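Naming follows writing order (A, B, C and D), and every chain is counted from residue 1.
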Amino acid sequence: MSSVFPDLRPHFPALHQTVNGKPLVYLDNGATSHKPRAVIDALVRYYERDNSNVHRGLHALSMRSTDSFEAARARVAAFIHAQDQAEIVFVRGTTEAVNIVARGLGAQLKPGDVVLTTEMEHHSNLVPWQQVAKATGATLCYVPVLGADGEGGLDLAALDTLLTPQVKVFAFTHISNTLGTINPAAELCRRARAVGALTVIDAAQSIGHEPLDVQALGCDFLAFSGHKMCGPTGIGVLYGRRALLDAMAPDETGGGMVVSVDYQGARWKPSPERFEAGTPHVAGAVGLAAAMDYIDAVGRESIAAHDHELAAYARQRLAEIPGMRILGPTAGQPRAGIVSFALGDAHAHDVVTFADQDGIALRGGHHCNQPLMRKLGLPSTARASFYLYNTREEIDVLAASLLKIQKFFAG
Amino acid sequence: MSSVFPDLRPHFPALHQTVNGKPLVYLDNGATSHKPRAVIDALVRYYERDNSNVHRGLHALSMRSTDSFEAARARVAAFIHAQDQAEIVFVRGTTEAVNIVARGLGAQLKPGDVVLTTEMEHHSNLVPWQQVAKATGATLCYVPVLGADGEGGLDLAALDTLLTPQVKVFAFTHISNTLGTINPAAELCRRARAVGALTVIDAAQSIGHEPLDVQALGCDFLAFSGHKMCGPTGIGVLYGRRALLDAMAPDETGGGMVVSVDYQGARWKPSPERFEAGTPHVAGAVGLAAAMDYIDAVGRESIAAHDHELAAYARQRLAEIPGMRILGPTAGQPRAGIVSFALGDAHAHDVVTFADQDGIALRGGHHCNQPLMRKLGLPSTARASFYLYNTREEIDVLAASLLKIQKFFAG
Amino acid sequence: MSDLTDLYQAVILDHNKRPRNRGRLPTATRVASGDNPTCGDNCTVYLRMEGDRIAEISFDGSGCAISQASASFMTTQVKGRTADEATARFAEFKDIVTTGRQPEDFSEVAAFAGVHAFPARIKCATLSWHAAIDALKQPDQPLQS
Amino acid sequence: MSDLTDLYQAVILDHNKRPRNRGRLPTATRVASGDNPTCGDNCTVYLRMEGDRIAEISFDGSGCAISQASASFMTTQVKGRTADEATARFAEFKDIVTTGRQPEDFSEVAAFAGVHAFPARIKCATLSWHAAIDALKQPDQPLQS
C-alpha cells in the first residue's frame, strides 16, 4: 500500500522538489508541516482582496477583513468544540499561548501552591512555568516519565501522590514531541479537576493530527500553533474557558483591547479582545481557518490512523538496523507519528547531515526537551515525524539511508 | 499631475476593485497599507519552496529557512541603519515591541522615577507605560500638545521642566497617527540623553513613509509594524541598542531562546533570540524584507515628498468645505500624509459610511487616541491617510464626496 | 447612495435633529449605560417606573446619527409599556434591523430596516435598547447627583 | 554522498574514533568551555602553560563527529605553540572551513576544508578552537576539583 492518501501530495507544492539531487523526503513534521495550495491561496486572496485593518473600521474592506477574521475565530471554535468563539484568542503560537496563561494564572499563585507539569514537556511548556514559580514562590513539580527509553510514559501511579490540593495548575503536553507518547489527557484533566487544579494542555503536536474536543478532554486551557497543522507561520491559539479568560488580567496592552483610556488608566474589553492588543495577524487567522477546512475535508480520524500506521511501520523498519535505540512507547500503547532514535555511535547531527544527502529531512538534537534527554542519558536523538502526505515508500528510503549510515560509522 | 508614481498602482492587486459600484479609493493607510505583488510573491515562494522551521534544523529546507529568516533580519538592520543585526528582534508589531521594552525596562524602575511620554500617543505606546508605572510605582508624565486643533505639536518649551534627572525613559511617537504631526525625534532623543533618559520611538507611522536612520535619530529603542509599510500582517520589529537588549530580561520564554534548561531553571541566549521564544513568523519576516526592497526601490525620499504633497493638497481641498474642522499642523510645519477632520454636525461614523458608498475608505473614530480626542473636545474624527499609490484625483473624489455629505447633513 | 440617504432621510435625520426625551431625567429611579468600544458611542438611559410600567424615560450620550435617532425612537416606543412589552418590542426591533424585513404593523420602525444593509452599524441602532433593557432589570433607587 | 563521506572518512572518523588528548587534565591551570545551543554540543579545553607556550592541552565534552574530531585535531595543532601562534593557527583553520580553500602547507587540515560545503556544521568545527582561545586569555590558577 502506497499511502492512505495517495491523492494528497499534489496539494503540497513544497513536497515536489529535489534536495541534493534526490526527491525530498520530508520527515520533520514535528517541527513544522508544509502548506497545501488551499492555504497559500487563502493568504493570497486575503491580501489581494480583503486586506484591511480589523475591528475599528467601517468601510467595506475593513468590514470584510473583520468578518474574515471573526469567521476564522468561529472556525477554530468549531474545530476544537469550544462553546463560544470568545474562548478563542489568536496568538503567535503555542509558546505565546503558554506564556499568556502562565502569567495570567501566576497572578493568583502564592508560596505553598504547586504547579504540576511533567518530565516530557517541550521547553515552551516548561520554562514559562519555571518563571512563574520563581516570581510567585510557588513550587514546580514534575510527573516522572517511566522507562529507560521513556517507553513507560507518564507515571500515572505517582499522580496520586503528586495531585495534592496544593496543586493549582497542571500543565502537560497532549503528545510528546520527543517520545511520540499520547498522554491520557481526559483522564489527567479529570484527576486534576478532582483536586481543584486548573489544566493547561499543550496541543502543539496533537492539533491537526488527532480528533480533538476540548469538551471531551475537559481541559481549562489549550494551546497550539498553526504552522504545525498545515497553517501559516505566526499564528496560533490560546483556548480558555470563558469565565476563566474574563477573570484573567490582560498580558500585552495597547490598541484594540481597551474599552476606554484616559491619561490615568484604562479599562479592558472582555475576552478575546482583551488578549489581542495591537493589530492581529489577520492573514494568519484566515490561513489557519483554511488549514482547518483542509484537514477536516481529509478527516482527522483518517489522518490519525495514517500517522499511527506510518509510525508503527517506521519502528519496525528501524528496529532491523543494528545498534538502533528507539525511544518512546512500545507496540500496543497509544503512540503518535513521531519516532526518535539513537543510531549506535553516530551522533544525531551526523545522522541528520548524512540523511540530508539522501534528500531526507530529519531533525536532530534535544528537540527543546533538554531535561528529558539528560534523564534518558542522551545528548541528542534523531527524529522522524510524519503527516498526512508521507508514505511507506518514504520510510523505506529512510531505512535504507540509516542502514548505510550505520555501516559507515560502525565500519 | 496625476501622481508622483503613476506606475505603481498596477503593483498592488487590492487597489483594483470596486466598492459599492465605485472604484476603490483607499485612504486608510494609517491603519494598514496594501501589499505589492512582490511581497505576496515572496510569501508564496517561501511556502512553496523553503518552508521549514528555523534554527534547530540541519537539513536543507531548514537551513534555507534559517538563511531566509536571518537575511530578513540583516535587511531590516540595513533599512533602519542598525549597527548590528542582533539589534533586530522580530515581534508581531509595534504594540508587542512596546510591551517588551516597557516590561523589560520596568524591571529597573522604582517609585520616584519618571516615565515621560506625550499627549499624542497611540494607546499602544501609552497603556503599556501606564501598566509599568502602576507596577513599579514610577510616575507617568505627559508632554502637552499645543493648540485647540493640536496644530501646535508637542510643547517643546515644557520639555525643559519635564525632562528632569528623574526621567528614566522617554517614549514618544515619531508621527502622530491622529494629527499627522512629525515630531523632531532627533532633538527629543538628544535632550532626553542629556538627562540620562532612555528613548523609545514609536515609528509605526513613519516607517516606510520617511527616511529613517536610528543612528541619526540617536534613539535607544524603536518599534514598528510591517503591515503599515507594504508588509504582511503579524510581523514587526523591536530595535534596541545591543548592550541594552543584552542587559534586559526576556519577556516570553520557551523554545529557541534558551542556552540550556534543566528541571530547575534555564539560561538565556543573547539578543535577538532571547526575545524570540517559540517558532517565529518566518514567512512574515521574509515578506517584510521584500516590502523593504520594494520601498527602497521606489525611494523613501520620494515617498515622503509624495505623502506630504498629497496631504497638503487634501488640506487645501477639504478647507473649501463649509463647517470643516481640520486637525494637526498648519502649512509650513512638518506634517505627514495624515489628515483628520470633523465635518460640521455629521458624526465621523456617518461620514465614513457615506464615503464608503462612494468607494472611499476612510477611518472614523478615536484612532486609538482617546485621551487626546477628549482633550480636543471631539468624540471622534474622520481620517484620510495616504501612501505611495494614492493620487490627487483620489483626493478630488474625496472632496466631492465630503461636500455632498456636508450638504446632506446641513440640509 | 440611495439606500443610505433613504435610511437617514426618513426617521433618522428627524429623530437625530429633534430628539425626543433627550437629557437626564431627575426623577429617574433606574439608570443604565452602554458603550460601543468600536466607535466610542455611548448612551445612558433613565427610567421612572410606575409598578411594572415605564412612566418616564429619557436618554443621554453621544454617537452617530443612527445611534442618536434610534435612542430617541426607542424612548417613544417603550414609554407607557410594561417591562415585558418593552423587551418584546426590542426583540422585534432587533430582528428588523438585522434582517431588513418590513414590518406590517409597527410602521414607523420601517425606516430602521435599512440599517441591515450596513452590518457594522447594527450595533449603533441597538445600543440604547440594550441600555434600556439593562435599566429595566435594576432595582429602584433614587438618582445619584 | 561522496563529498560527505570523503569529509568524514579522512581525518574526521580517525580523530573521532581515536581522539588525541581527550579527558580532563589534572595539571591544567586554565580552563574554558563553549557550547553550541543549536545542537547542544559542548566542549571544555584544559591548558597548562609554560611561559607563553602551551605545554599540555586536553579537551572534554560531547558532540558530533565533526566537533569531536576538530577538538582532537586542534589539540595536536596548538600543543607546544605560543598563544600568538595558536591564535594564528585558528584564524587559518577558520578560513579553511569557511571558504573550503585547500591549504598548501598545514596539510592534515585539508580534510576539514570539506566542512565548508555544510554551513550549518562550521560552528561544530570551530567550537573547541573558540574554547581554546578563551582559555588562553585567562589568568593561571589551579584546577578546581
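Rule of thumb we're sticking to: a residue touches a chain if its C-beta (ideal position, glycine included) is under 8 Å from a C-beta of that chain, and two chains touch if they have at least 3 such contacts.
This one's a predicted model, so the numbers in the text were calculated from it and none came from an experiment.
The geometric centre of subunit C is 79 Å away from that of subunit D, both derived from CA atoms. Annotation: 32 Å between the Cα-based centres of subunit A and subunit B. One simple way to say how far apart two chains are is to compare their mean CA positions; for subunit A and subunit C this gives 47 Å. Multi-chain contact residues of subunit C (touching two or more other chains): 38-39, 120-121. Residue positions of subunit A with contacts to 2 or more other chains are 56, 58, 258, 260, 349, 353, 364-365, 370. Chain contact topology: the protein chains form a pattern that is neither a line, a ring, a star nor a complete graph. Here the chains touching each other pair up as A-B, A-C, A-D, B-C, B-D.
For subunit A in complex with subunit B, the residues that touch the partner chain are 13-14, 17, 19-20, 24, 26, 28, 31-32, 34-35, 39-40, 43-44, 47-53, 56-62, 92-96, 98-99, 119, 122-128, 130-131, 134, 142, 225, 227, 232-235, 252-256, 258, 260-266, 277-284, 349, 352-353, 355-356, 360-365, 368, 370-371, 374.
Considering their complex, residues 35, 37-39, 119-121 of subunit C touch subunit A. Taken in their complex, subunit D has these residues touching subunit A: 1, 4-5, 8, 13, 38-41, 62-66, 68, 118, 120-121, 124. Put simply, subunit B touches subunit D in their complex at residues 55-56, 58, 63, 66, 258-260, 269.
Across the interface of their complex, subunit C is touched by residues 346-350, 353-354, 357-358, 364-366, 370, 373, 379-380, 404, 408-409 of subunit B.
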